[in-house]
Structure formats: C-alpha cells, structure tokens
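As structure tokens, here come the structures.
Shared between the two complexes below is chain A, which pairs with chain B and chain C, respectively.
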Partner chain A sequence: MGAWIRSAPAMAYLIAALGFIYLPVVVLVVFSFQDGLLPVPPFKGPSLQWYEKMFANERLVESLINSVVVAVSSALVTTILGFLAAYGMARRTPRFAGGIRFILMAPLTVSYLIIAIGLLITFNIVGIQKSLFAVGLGHVVINLPLCFAIIYSQFGDHLRNIDWAAHDLGASDVQTLLHVIAPIMKPSLFASFCLSATLSWDEFIIAFLLSRFDVTMPVVIFEMLRAGLTPEVNAAGTMVFAISMVTVGIAAMVMAVNHGERK
Partner chain B sequence: MNRRPGFDFTRWAYQPALIFTVVFFGLPLATMVVVSFWQRIYGKLTATWTFANYNKFFGKDYLVDALWNSIEVTLATTAISIILAYPLAYILAYRVPARWQRFVLILTVLPFWTAYVVRSYSWLLVISENGILNIMMTEFGLIDQPLEMAYSRGATILGFVHFFTMLLTLTIYANLVQIKPSYRKAAADLGASPLQVFLRITLPLSIPGVAVGAFITFVICIGDFITPQILGGGTEVLLPQAIMLQVSRAANFPMASVMSITLMVVVVGVYFMSAKHLKMERV
Partner chain C sequence: MSDRLVELKGVTKEYGSVKAVDNINLTVSRGEFLVLLGPSGSGKTTILSMMGGFIVPTAGRIIIDGEDVTETPPALRPTVTVFQDYALFPHMSVRENVSFGLAMRKVSKADRHKLAEESLETVGLAGFGDRGVHQLSGGQRQRVALARAIAVEPTVLLLDEPLGALDLKIRRQMQEELVHLQKSLGATFVHVTHDQEEAMSLANNIALINQGRIEDYGPPNRVYLRPATLFAANFMGDSNIFEGTTVACEDGHIRVDTQMGQLAFAGEAEPGTNVHILLRPEQIRVGTADDDGMIMLGEIKVIEVVFQGTHKLCRVRAGKDQAVDLLLRLPQEHAVSPGDTMSVHARETDAVLLRD
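Right, the complex of A and B next:
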C-alpha cells in the first residue's frame, strides 16, 4: 500500500475525512435528480423534473437575475476600489500606512450579521430604502478587504520601477495606471473580481436584511426551506454550488497560470 | 518626487476605498453604538442616552443564555474542528506525495463553495428522521426506530464542524508546508523519536496556522444565523437568532444594537487573547 501514501492509518483517515466532507454534498446533488417527492432514499430517477420546476418558479428566476446583477456590479466596484487602494499603498507608502491598512482590513474581523444590522439601522435613520442597491453596498463592504489584500499582495517592487519608468517616459498618472499597471495586474484583478462575485452570489444575511422586494436567490431558497425537504431546494442548491465552483475554478486557473509564468 | 505640480493622483489613489470603508463600515458601527443608548418609545427611535437597554439585556436570563449558548457552541465547534483538521492537514503535508498534494488539497476544500443557505439543509437530508443515515441504519438492522439527531445543539455543531474543518485544514496545511524539513531532520539526527519531533518541533511551529484558523472560525461561527436556525433545536436560541428576532419581529433596533455590540466585544476580546499568535499577513 505504501506506494501512493506511506501509511495505512493515514490513508484511512484521509478517506474517512473526505467521506465526511463529501457526504452532504453528494446527497444534495444526487437527490436533486430524484424522481419523487422527497429527496431521501430510495433513489428513483434520474429525472430533471425538479430543475424544470425550478426554472418555472418565477420568483426564483427573478431572484437569480437579481443575484447576478448584485454579484457582478458589487464585484466590479470592489475590484476597482481595491485596485486603486492597492496601487496607492504600493506606489508610495503614504503617511499612516499602517493605520490605513488597519481600517481597510477591519471589516474582515466583524461578523456579516453585525455589518448588516449596522447598515440596516443607519439606512433606516438616514432614510435610505431597502433595495438591491443597499445589498450591493453591503457586499462591497465585506469583499473590499479581501480584494485589497489579494491585489496588494501581487504588487512587488518591480511594479514600482515599471511605474517610475512609465512616468519618466512621459505617461500621465492615469495613462500609467490604465495602460501599464492594470494590464500587468490583470490576473489578480480578474481573480479578485471572481472571488468577490462568488462571495456576493452566495451571501445571505446582508441580502436578507437590506432588501425588500428585489430579493436575491439565497433569500428565496431560505424561504423555500420552510416547506421542509424537497428536491426543488436540492436542485436550486446544486445550481448555486455549480455556478460558484465554476467562477472560483476560473479564478484559480487564471491565478495558477500567472503564477507559473512568473516563476 | 513631486515632479508634477497640481493634483497628484497616485498619492490619493487609496482614498476612495478608505472613504467607502469609513462611510459604509465605520459610520454604521458608530451609529449602532449611539443607537444602543436610545430607546424605542411608542415604536419610534428616540435619543435618550440611557443604559436601560444594556441593563435589560444583562437582566434577562434568556438573552444572557443566548450569549452563553453561542459561546459554548462556538468553542465546541472550534475545538472539534481543530482536532479533526489537524491530522488531515498533517497527512496532506507530510504523507501525501508532493505532486498529489495540490489535487488532494483542492478536493478537500471544494465543498467550501456549496451554497451557504443550502449547506445546513444538506445535513438535514443526512440526519433527519427520514434522512439517509436513519434509513441506512434501519436497513442494516442497527436500530429499530429512527434516531432523533436533527434539530438539536449537536446538529448545529455538526453543521459548523463540517464547514470549519475544511477552513482549518487549509490554514494549518499552509503553515505546515512552510516549516523547513531540516528542522525535523536535525531533531531526528539528534536522537528525537518521531513523537518527540512532532511535539517539540512541528506542533509548536504550526501554532500560528491553528491560531489564525481558529480565530476565523470563532468570528464566523459566533455570528452565524443560518446554521442554528436550520439545524438547531426549538428549545434554545443562539445570539444571532436572538438578534434577528429583535430586528424582524420587534423592530427593536436599540436592543439589536446592544446585542450586536456584545457579540463584537466578545470577538475583540478573543482577538486580544490570541493576538500574539495571529500573524494574519502570513496566511
């Protein structure tokens, strides 16, 4: 047995752990193809009826569109803000750099729930209506630290030199940023866009508290959960999972290719 | 350096993000602190500046209980997840051949991206009364009647442990592969047994990975509403559920603020207790 992995107990533990990790996922996906009313054994099928039912569910389809809109637009804003911040911090170290980094990273240490409640109360007092736009703002708040950190970590000293070279050759600040720095940073910009789009796509509590009519898909799925176990929820969950995985997978591949090139 | 007169763009590039964070993160938190001293009188928020909400929170047993429930569940989750994740990360780092490591690691953390609202539900499919586990055990004659596993504190912890084991495996693995093999070789050459090498070299050096993972686990776990809401029992609530009740049913923002601040204070306290092990930049 020693060829692949050196000890039998280690192999056994690895298999057991993977079994534990995959058990609920497999059950979720398999029983989304159930040909029956309950997503529990025995498995009859496979059938696509629950996917058909899901796409016939107008509220769900509407929420799917809302989710995509929020994910794409909030990820776009997050990536632009994160890129500018990373550039500003890396190009020349500003005064109070430590303090600025602390503020930018601070939202990471606060629960989404608390961020959501804070925004809810503030919007309520200021008179901003609950809406998809409010949800998007919340998603930018939670994803900005991650995007900033990802992009900032990719800014090396070589970029500082390239930036100076571009300036010395007469490029303006904006030209340098758009035509020199951004193209070099494209892989990490793309990765941070994908990551924040995925996190927004999957986020529940902010979307739940800050939207009223134009709800996102996780909120609608949450409402569906009250009906108990049904293969339709399995189908919806499987689709959300699949889309997240594809997005993250693309981001990971772009990052890996970039990593390989630079080595 | 200032070759160009007038507005220097590069100097201010970090400002939009900073302003955004201050306005949409800092300000709401400050508002929450202010509102926690206000009162809701006849359904309207009124600026009163009193500690009444705090007294009410710490005076009501069921609210303090919710806080304790949350802390207990979170500590149990963190401990169990570390115990499960550490051997897994260790096996990944030291037992799986190098060229397979990336693949197995990705395989291990892939379900991390299962839809968040559906993650707890998928455990219901496994452990509920007519779930797959009960059906299988009945089939094999292990039990006569279905066991009641869902809708309990244990079920909540199970749901949490599943998620955070993946997260901790990632942070511990990232730490383990950074430890130079020469340290372990040197210890072994000097006569340390494999157990001694682990206890005196590997384990102490891997504490930062454990600490970072444990801290992230703590922060996310203690603020999570969905998992206890779906998997938990009707007999007890955790703090996030209690907060949601204040917001959605009573629209009592001052009370929700008090509870959110309490939650934050707990997290900040844990941060300072573990600060010396946390080197966030490295993960």
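Right, the complex of A and C next:
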C-alpha cells in the first residue's frame, strides 16, 4: 500500500504525459465514427458512414494509391542508398569519416520547408516537373540521413571481419553485398524501409509544394480541411494514422526480435 | 617452385607517426608452420593482415609464391585467413559457409557439396552441414572456420589468434589438431598468438615480435633455451636473470660480478661491460657439484612452494643477504617446504649471456 502511495505521483505524471501525446489522436479517431455532420462533441454514437463516404471519394482513393506508390518507391531507394553509404563508411575508415558523417546527417536539422524550396528551385533548373516523381525524390532527400543512421548503427566490428572473410574467399564487392552483408543486415534494412515509408506516407510540406495534378493523401486531406471540418477528414486521418502505426510497429518488432537473437 | 613461399622484404606499416610494423624481413618456407608470437599491440596481427592483403604496407614488398602481391586484393591471393572471431556468415548453414569460397569459384553445386563435406570431415564435423552457425559451440565454430578456409585449398593459411576464445582444454586439443592438419594437408601455416606455450607446441619456427620488430627468430627450443635478447628471454617463459659487470674475460670464459658473487660463464664480453645471465627455473638444480662446468649458486632459502601438478614451483632467496629472488622448478617428489635451506647449482652451458 505504501509503495502505491509513493508511486502515485509518478503514475499520475505518466498518465498526464501519455494523455498529452495521445488525446488529440484519440479525439480524431473517436469522431471519425461520429453519427452526425460535425466532428465535435457530443459524440452521437458510432457509425461507419464517413468511412463509406471516404472510400466513395475518388480523389481521396486515388491519392491514397499515390501515397502508397511514393512511400514504397522512395523508401526502397532511400534504404538502398543508405545501405550503400553505411557500408562504405563502415568498411573503410576514411580520413574524413567524421566530416562525411556530419554532412550526411546534417539535413536532419534543416526544416522541410527550406528543403522543399531548395528542391523546387533545383528541379526548375534541371527541368523536373512538379509531380509525384519530384515528391518521391524529395522524400529520398529528407529520409536518407535517418536511414543511413539506422543502418550505420548496426554495422559492428564483427561485420568488418565478415566482410573481409567474404572477399578473402573470392567474393567481389557486389557478391559480398548481395550474399553476405545484405542478408545479415536484413532486419535493419527492413526497419529503415518501414520508417522511411512511414515518414513519406504522412509527409505534407514537400508533397504539397512539389506536386501538381497527382497528389498524395496528406495534400487531399489538407484540401478537405480548407473546405470545412467534417468527420470524413477524421476518417481519412485515422486511416493515415493506422497505417503508420502498423508499419512502425512491424519495424519495431523486427528490430526487437533481431536484438533478442543477438543476445 | 622455390622453397621460399612467403617473403616479406623491409615491410613497414605506419599509422600517422606510429610505426606499427617496422622494417620486417621474414621468410616462410613451403610446408612450414610459422608462429608470429608477441604481446598485444606488438604488430603481429598487422603483419598477418598484410600477408592476407587486408592492409597495404607503407613500405616494403610482400612476395608469395614468386609473385609480388604487395597490393593484390585478398581475393586474388593464394592465402586464406581464419579470423579471431571466426567471421562465420551467421545467416548461412554450416555447409553454405564451408562451400562459400567454392561457390565464388563457380564450382558446381554437387561438387561443392562433396568438397564441403570432405572439409568438414577433415576438421571432425562430418554430418554437421545442415546445422545453423548459432547452434554450434565455440570449438565447433572454430572448426567450421577452419573447414571454410581449407575448402578452397589455400597455399598459405593465415590464422589470427584462432584459439584465443576457447577454454584451455579445447585449446590444447585444437593445437594438436592444427599440427596434424598442417602435416596432412602439407600446407603452409602462419599463426598469430600471444601464448608462448601455444607457439612452442605448434611452430617449426617462431618469430617473436615486439614493437613492430622481430625480436628473435628460430625453432622453439632455440628461442626458449638460447633467446637472442632480454625481451625474448622474459617473454618465452619463467626466467632467472642475473645482472652483472664483466670483470675478466679469457679463453671463451668470463667472470661476472653479480649479486650472487663472482660467477664464471662461457662467453665473451669486454671487461667492464654490463651483461645479463639467463637461467630457466628448471635449469637450477639442488645439491653441490664439484664437476667442471658447473656454476655454484650457493645457499638458498625457500620462501614459497606452489604445487603445479607436473612439478613444484619454488620461490627462493639467494645471494649475499639473500637479496636475490629466484624461481626453481623441482620434481613433484622432491620434499621441500618454506624455510628450508639448500645449495643449488647450474650447468655452465645452460646459462645464456645477454646484453642490454
């Protein structure tokens, strides 16, 4: 009983903190099931009408597919580039390793808005039109530092000898990467893919500024918001949130299982 | 086909201003078991890595089988390395690990299977092919690493402290097996270790490395019994070293003034020079002997007796005022206990004269 009283403030603090983080999400999700025209209290009972409406909204469904395509393809490219960069950094210890790592990681601190403006200007010069392709490239740019960091952190010293052993036994660089290093790194490659797909999936600023006719889901949700607050927006938001959570959850599980195996 | 299989000529490796390896000249003959022995940080692993092609020397040439391979990548060298941590591929089965090198050499799957099984049989792991690497003990992983290396039939097998992680019993057993393996394959082995007992039980020749240089080189009994330097004498096992000044030198004999009194030894040195005299603990015998060629070391007092199974290791005091600590190795049956006093002597021919 005494322990309970002593830990009560800590418990209260935990609940308050979690509430602060998750309450907006809970409200969003709950009012997506609103049986009424406005996503505001009082809650008038559960209904799936807004989900029906959402799936009947062609522009929204189309954007959902666009989002998936952009997320998967940009995550794939990001993971491959991040993997190659991490391998290169881990394998050799170049004199400027620290500097290179800094340059690779620095974009994490730059606001998406700044990156988007930079990309907009650059694409204009190079001749790349505002499009889903441009959005995908933008997402590669913003997610690469994180992917690199995740994968690089998993390159241990033991991998150096494994890499040497593969070369020693006659494997080329490509063979070593494909047959030895990539399979060993599979869990962190997968985690990095999931995270960068998730970040691309609900990214708005770059998607908004670099697209024109075909747009991703966050952009459509933004348009709907400007038209007015309806539970349909909640339903769309709930969907974005649910898919993100599932993807991140899978990534976390894969990492945890892998971590357990290593011990 | 020359007898000199591996030649290191003036090989140096610098990291910044630090010389990890300093102008090494070394030859490994075909069919030889060479051990690079030395304390950690002595540069022995760097030398091995340069033979294997993982590190390119700052200066000097490396010639293997008549070909200059100084800058040849590991894949194109006739060497294979067995790493200290084994570096097995964790996502592959034992068989896939062992046949990896063969697969890279485009050997057909059926032949690969057969050759891998043969390699596994050689290292005593017949039938282990389907197991995962995670299911193996440390000793078994060590064997898989060996099997993987010998499967591609390297001309030179490089072993980087391969027994370092094993417990003593398996370690001794693996030492024996390594010697057998080397003989039956007729291959050339270069083995790195910091364990002088391991070095002596494996090697045809020991290259003792210290601070990036070869401190001593030769067959184990020579390096142990007649070490070339003070460092070699100390590193190769327990030793008694008397420091003294030469007072006279004639007919190949010198008289040295030590803390044990004036002693005569075989050897030559200018009078007035400082010398060190090495006697191994087992070379000091109990009793007085009047024969020629014996060094009388006088009365000693036993301080401590440690029973070590095959013998008793005794810590004793000798010399004037019993100021000199000595180590003696006495037979098990020798009744001795702390506080005993006795006379000891040694054969003059056993003593090794060393300079600073």
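The rule is simple: the second predicted complex is superposed on the first by the 255 of 263 C-alpha atoms of A that agree within 3 Å, B and C clash if a C-alpha of one lies under 4 Å from a C-alpha of the other, contacts with A are read in each partner's own complex, and residues count from 1 in each chain.
The criterion applied here is as follows: a contact is a pair of C-beta atoms (placed from the backbone, for glycine too) under 8 Å apart; a residue touches a chain by one contact, two chains touch by 3 or more.
None of the values given here were measured: they were computed from a predicted structure.
By the touch criterion defined above, A:255 lies against neither chain B nor chain C after alignment on the C-alpha atoms of chain A. When both complexes are overlaid on chain A, the residue A:148 reaches chain B alone and has no touch with chain C.
In the superposed pair of complexes, A:165 makes contact with chain C only, with no contact to chain B.
After overlaying the two complexes on the shared chain, residue contacts for A:174 are found with chain B alone; chain C is out of touch. Contacts of A:233 after superposition: chain B is touched, whereas chain C is not reached. In the superposition on chain A, A:210 makes contact with neither chain B nor chain C.
In the superposed model, A:10 lies in contact with chain B only, and not with chain C. When both complexes are aligned on chain A by C-alpha atoms, chain A residues 167 touch chain B in the first and chain C in the second.
Of all the residues in chain A, the ones that touch chain C in their complex are 158, 161-162, 164-172, 175, 179-180, 183-184, 186, 261. By the touch criterion given at the top, residues 1, 3-4, 8-18, 20-22, 24-29, 31-32, 35, 45, 84, 87-88, 91-92, 95-97, 100, 104, 106-108, 110-111, 113-119, 121-126, 128, 130-132, 135-136, 162, 165-166, 219-220, 222-226, 230, 240, 243-244, 247, 253, 256-257, 260, 263-264, 267-268, 271, 280 of chain B touch chain A in their complex.
Within the complex formed with chain B, the chain A residues making contact are 4-7, 10, 13-14, 17-18, 20-25, 27-28, 31, 38-41, 81-82, 84-89, 91-92, 94, 100, 103-107, 109-115, 117-122, 124-125, 137-138, 140-141, 144, 148, 163, 167, 173-174, 177, 198, 202-205, 209, 218, 221-222, 225, 229, 233-234, 236-237, 240-241, 244-245, 248, 252. Only residues 52-54, 73-75, 79-81, 83-85, 87-91, 100-101, 104-105, 134, 148, 152 of chain C touch chain A when the two sit together in their complex.
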